[in-house]
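Following: one structure in structure tokens, then a few remarks.
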Amino acid sequence: MTPLDKLIAYFEKFPGIGGRQARRFAFHILTLKKEQVAELAELITSLPESVSECSDCHRFFSPSYKQSNTRCSICADEARDRNKLIVVARDTDIQAIERSGVYDGLYFVLGGTIPLLSAVEPGAKLRTGAFRALIAERLTHGLSEVIFAFAINPDGENTGRYIDTVLREIDGSSTLKVSTLGRGLSTGSELEYADAETIKNALRNRN
Amino acid sequence: MTPLDKLIAYFEKFPGIGGRQARRFAFHILTLKKEQVAELAELITSLPESVSECSDCHRFFSPSYKQSNTRCSICADEARDRNKLIVVARDTDIQAIERSGVYDGLYFVLGGTIPLLSAVEPGAKLRTGAFRALIAERLTHGLSEVIFAFAINPDGENTGRYIDTVLREIDGSSTLKVSTLGRGLSTGSELEYADAETIKNALRNRN
Amino acid sequence: MTPLDKLIAYFEKFPGIGGRQARRFAFHILTLKKEQVAELAELITSLPESVSECSDCHRFFSPSYKQSNTRCSICADEARDRNKLIVVARDTDIQAIERSGVYDGLYFVLGGTIPLLSAVEPGAKLRTGAFRALIAERLTHGLSEVIFAFAINPDGENTGRYIDTVLREIDGSSTLKVSTLGRGLSTGSELEYADAETIKNALRNRN
Amino acid sequence: MTPLDKLIAYFEKFPGIGGRQARRFAFHILTLKKEQVAELAELITSLPESVSECSDCHRFFSPSYKQSNTRCSICADEARDRNKLIVVARDTDIQAIERSGVYDGLYFVLGGTIPLLSAVEPGAKLRTGAFRALIAERLTHGLSEVIFAFAINPDGENTGRYIDTVLREIDGSSTLKVSTLGRGLSTGSELEYADAETIKNALRNRN
């Protein structure tokens, strides 16, 4: 395998990228100026160091010199409500929720979902240890609600069930309110094309 | 215009049909047997008589001899909860809600929506008169909740606001609970691709 | 089955129409005025009589009083080149070819294609008898070229092979030029996304 | 701008990549092992050196030690027909043509197309100088045909016209056959949906 082929193989593993686009990426790099190629390579090399994993929520962030180096801007923000915690699968989910502008609590990034059909032991690669530790610690500091924000699909629902079990083990006295994001009609929905499950939830959650 | 062109012009006004498909429909009819053409024409001719508009909910239905000829099977069903009423834009919306299998109340078909940007007087072509009359009558027989089930788009929301005003006028004492279908994540939603409004609603309606 | 259901069943057999749209068609008819329903039914009833099948090319046409009642406007047009004949599967294919504005010969509508994988005897429902008769007659009046204009897919190619065999049987002396529509890059094609077969043909047909 | 944001900005300039996917690429890199990150950065850094631009056709290739370092495997292949030359816009077009398996001549990569609507002097960034030099040299060694293989769109056609003018200037005696890839129906085409221009070409190129 030539270096070109090796590079294409790396690009093929980028999320959502197939063979042809991977090849185009390589040709794109060949059109860049020498300094640009060097800067791109340097940014990739230094990315792991330039980015920290937040010690609390475990999302990736770029620490500034003024900030704490171990906690991200959300976890370090004293104005956020520390009694609420949203559990998400990935970093990008946090951005989607922040865009909505109505949530002022904290987050935890699980690092993935648990496939419904999988031989792998549940949570093998997820941050369940860190999750248990965080919940245990927060329970002693007023944590009152954990909100599951997973995709509405079999893997997302399976992940919710698993994390719920984990929570019940930690929170023996069941003082914690556990909720999931509300289901119903999303923007643009027309009744005629909505599935039965969505209409069922929309009826239950009417308000 | 030849009869063929006239027929194609009729088919072009069928919902969702363009010129090419309208033409294909005409050619399709030319491939039918003589008896089939006659039956199709007869079914169309007699459709308005073979179908009744329910005197209560105003949806179209095929009356059988055993049934009341003025009320549809849902409105005539004594087991349905007469204290709840869902208002929809069109007949097909009722089918979508019935498929969910969790609603046991009654319906009212408004006959359309009110475009947000429109010079037309609101409700000009909708069955608002029949709606007022039905609500006034039902209020004296225990009606306790009216649920708006309109599309989650500008026209659907505009229709909801208008019908809400109409309801307030009738129900002077405000005893009626008025709700809309719950909004949130629908089946298959991934947070990353959900719009801010949907996430906002999903957070509010968490449960 | 109610008359409404029967009508919906007819609409479901219209080309490209599924259950939901068939139902919408029925509701659309319920919104028409009485006179419109009557006219639509009448146009359908009289379509077979108001439309003739051309005695030569077998496409459907609306005969006018001034025209011959047995031949369509193309077959009756003395200015068209009677030495060329394009064989197509359906009426709508003729319109596509006429739109190109470069063909001045005649047509023959086979009435369908022969599926590549089919237990049915080839040509069972096609107008192969009429085709044989037309070719035999035209060969004595100067016919010099037959052009196959079928879809570039397995069924279209299978049909071409079958019709070619039929032609060879009729034209013992092989004086007839038999051709198929040229293959190559179509409007909008980019090389990167073109399949190997198309590029192969584009190279062969370069000019 | 943080290093993370800078890297995302680089990925956003990759062909076909938007802001969200660029961000996902960055997160993907954060999931790689340290050695993988280092190898990816090294492959990018060394790509320009590990890849050569062929001195004849100007496509990029990975030279092996056994091969000539200045010519790619196609240009160096003595079995290829040196009398034919296909001109393409980009490297990836060569792969598409090679997949067809029917061309045994050589190539020239122009490096792009000339937009139909552009204030830029035609060919400003294309390898027209190298093209002129190659043609002049090949004409003295038996070059007999130049084939244009550009996209069937306004820019591709404009590029063809420009390169044709360039060719005419060099080949004063007009001994060179100049052709373009054949146009017509591509695999999967149905007549009904083919545009007029494609049908026109399919009729002209019938065979």
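We call the chains A, B, C and D, going by the order they appear; numbering starts again at 1 in every chain.
What we mean here is this: a residue touches a chain if its C-beta (ideal position, glycine included) is under 8 Å from a C-beta of that chain, and two chains touch if they have at least 3 such contacts.
Keep in mind it's a predicted model, so treat the numbers as computed, not measured.
K.L.:
Among the remaining chains, which ones contact both chain C and chain D?
P.N.:
Correct list: empty, since no chain touches both.
K.L.:
So what's the Cα centroid distance for chain A and chain B, whole Å?
P.N.:
That pair's centroid distance is 39 Å.
K.L.:
How far is the middle of chain A from the middle of chain C, if each middle is the mean of its Cα atoms, in Å?
P.N.:
55
K.L.:
Chain B: which residues touch two or more other chains?
P.N.:
20, 90, 92, 192, in rising order.
K.L.:
Taking touching chains as linked, do they make an open path (line), a single closed cycle (ring), a hub with spokes (star), an all-linked set (complete), or other?
P.N.:
Topology of touching chains reads as a ring, each chain with two neighbours.
K.L.:
List the residues on chain B that touch chain A in their complex, please.
P.N.:
Residues 88, 90, 92-93, 95-97, 99-103, 147, 149-153, 179-207.
K.L.:
Which residues, counting only chain A, touch chain D once they are in their complex?
P.N.:
2-7, 10, 13-16, 20-21, 23-30, 34, 36-48, 50-51, 60, 62, 64, 90-92
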